[in-house]
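Alright, structures below, take your time with them.
Each of the two complexes below includes chain A, the first together with chain B, the second together with chain C.
Up next, the complex of A and B:
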């Protein structure tokens, strides 16, 4: 059975691009357009991997990542960050959230800055999911 | 009442990152989430004779907004804030209203917005339109005033204008929710000369005493919550006196309530908050009536 990959992304062009890469490489894409919908889909679909944007309406990828990694039942789902926001900002923001009392979270499995080449994304997916 | 989520509407001509950062004093009042909104006006990408829909132009404008918002968001993310963004095509006011609803924001921040002369004649300015149609508090943020002076902390000293209507109670609740972000509140009520003119000296003194008593009661409520609050009773034209009070007490922002009025009713009877929102150099926080 094909592995399920949840793509949380508000930009329709990027969602289409990622879906195409996923399908071509034998994965089943599940789509969400913001962090709120993303968390709902995680609960409903239990994906094998999450590709996560950062700057989105309703709930950002930064908050969603923090929620995932501080939830004992979800923290083992691998996450690839795919965003135009820099990795430095992402790491600092996670530190800032930790300062407010939450537990420390690990770094994501991969951090890709937009735009990404399809073959680079496919290779990372293969490395993580096999 | 709470102020945890703020909608920041920018067309990149008026409100920039420094304007946004000047509002970060609101974190002391519980602000932890900023939502950016940029509306690409329909006419900028609309069908044009011989060229059709300007898809390439839309892509360019979206990309420009995206790059700016990402830069702003990085600054806020690193401070531990939650940030979201909407880049949409359409008319400004309806888009502000729909994003406000979708996101459940507690405060809308926008610059003063004008329309074309002809459109303003029958529909009023975009600012008035927004104030008429929303139930959420709106901060009309004239960040760079005509004198070029930049407001560093607009919530530091407030002029709270009260007319004893139901909306006044809501304004007071909102100011109380700003605790932590505000240093001083000057409370003002304006009596009209016309009302005083008809009265005998004794009646006028009685009226004055009643209003001072009400002002002192409000002052006590704020003082109990550890605000530095002072009451002021002015007489004259309401708009003019509020502006005078703002200048005399060197406030950084005017806070007013507004009652629900139709566009035509507003034309006839006027609205102090809308009129000041259109012309004041200071930022104006307008807290509308709860239902519309």
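Up next, the complex of A and C:
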């Protein structure tokens, strides 16, 4: 059975883009518009991988990532960050959250900056999911 | 050594000539002698004596005629007449001809020396007088020059002053009006001096102050510098800095003076400064735009990818989707570029006949899809009385598009759990040829701090989804079109932006 990949992304074009890459490479796309909806879908669908944007209305990717990685039942789901924000900025934001939450979170499996090449995304998916 | 006084004796009697010559030469005179009138005149012309002794009765030219001619040659010459018996009539005649003195024959030494002494005294006095007169003339000339120099200096000060200087007499008629004034008021001197009064030249606000000062109706204090606008001859509004004063003589009012500094250049420089500040802000914005542009590029890349995949699979639905992505992101880029241009460039309004309500419909149509996707309802409340008017349609379009996009985002970013979001666009025709455009939403709203920042700097609350340009551009466009923009907002309760723009009646096409 095809593996499920959740894309949490507020930009409709990027969602269409990512879901097309996923389908073309044999994965089942699940889509969410923001962190709130994303967390709900994680619980409902139990995806095999999450592709996560950072700057989104309501709940941001920064907070959602932290929640995922500090939840014992969810922290093993691999996460690929896909954002216009640089990797350095994202890591610093996680350090800042750690200082308050006193739990260290690991770095994401992969970090892709927009604009992304579809081939790069497909290759990383293959590497992680096989 | 004292110069010897020259003396001429005219007498036909040789004995008298000889006696006088010898005795006067020994008294220290430089004496010459002639035997008759003609010879005497010739000698006078040659020697130019200051004293002449002449007999009246002589053959040929007599003493009276000689006197006449001598006085003609030198009115200052002292001519002493030597008179004999029965010369009374001639003596009176000689007096009339300005003879100085008379000596009766036979000439007594004593009388002679008295007459000569008197003559010499007169010469000395005349000489002094002449010196005084020359001196006086000199002094008057010098004083005149000094006065002229000073008044030239003052005149030059007034005429060459860069500021306008306008002075009036006590009636308010203009008597001084310099080149600076010509530059500011636009009227040439010939149309002003003694032809116009302050009531016509000055703005009404200061006319009444000058009038009450000139008529001593009150204490007009015009001295404090202030900014006033002058309406020049050609109707141009010239900003100036003004100070004035009422002029007093001993006790009475003798006139008034006004000084005006041209502020056009200052204002121009200020505008220039604002413009360069705006360009600098645009530069800052470009740095902040990087995220926004990365997102657009991602959308374009995604669009081409989706389109390629769809073409490979012959999937018509996906082809449409891919195209829509490309179109949307090309739209975002053109929007960004237009906003950047609108922000950085001076733009003169380009009014034409248009229907503002139709422009609102266009803007709503552009935004409808995005709104529907996020379940935001777009409401319209358009004034049916607002028909065809003469306004700049592109300005209205851009300003409204920016405000409506913001309103939609304010709903999308609202974190309230369950809410029926709406964005309302309203138009209304108001008094004084003004149209009110209103864009309201019930989205997230703004706190005070945010509200204060929105028009002052490229500022975005939308992270990588915003450029921070929208409201800056909107405000600039509204100002360029002579309008005003207002905002009311409360955190959690939405925002309302109101634009007032002036319009003219639609023009009839020829």
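Methods note: the second predicted complex is superposed on the first by the 129 of 130 C-alpha atoms of A that agree within 3 Å, B and C clash if a C-alpha of one lies under 4 Å from a C-alpha of the other, contacts with A are read in each partner's own complex, and residues count from 1 in each chain.
The rule is short, and it goes like this: contacts are C-beta pairs under 8 Å (C-beta built on N, C-alpha and C of every residue); 3 or more make two chains touch, one makes a residue touch a chain.
Only a predicted model underlies this, so the values are computations on that prediction, with no experimental measurement involved.
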Do chain B and chain C fit side by side on chain A in the superposed arrangement, or is it a clash?
clash
Touching A:127 in the superposition: chain B (first), chain C (second), both, neither?
neither
Is A:93 touching anything from chain B or chain C once the two structures are fitted on A? First, second, both or neither.
first
Considering only touches as defined above, state whether A:58 meets chain B (first), chain C (second), both or neither.
both
With both complexes overlaid on chain A, does A:84 touch chain B (first), chain C (second), both or neither?
both
Can A:40 be said to touch chain B (first), chain C (second), both, or neither?
neither
For A:20 in the superposed arrangement: first (chain B), second (chain C), both or neither?
second
Does the superposition put A:117 against chain B (first), chain C (second), both, or neither?
second
In the superposed arrangement, which partner chain does A:12 touch: chain B (first), chain C (second), both, or neither?
second
Overlap of the chain B and chain C footprints on chain A, listed as residue numbers:
55, 57-58, 84-85
Across the complex, what residues on chain A touch chain C?
10-14, 16-18, 20-21, 24, 55, 57-58, 84-85, 113-118
Mind pulling up the chain B residues that touch chain A in the complex?
35, 66-67, 69-70, 73-74, 77-80, 82-86, 99, 102-103
For chain C, which residues count as touching chain A in their complex?
290-291, 294-295, 297-303, 305-306, 309, 318, 321, 325, 328-329, 373, 412-415, 463-465
Please name which positions on chain A make contact with chain B in the complex.
34, 54-60, 62-63, 84-86, 89-90, 92-93, 96-97, 99-100
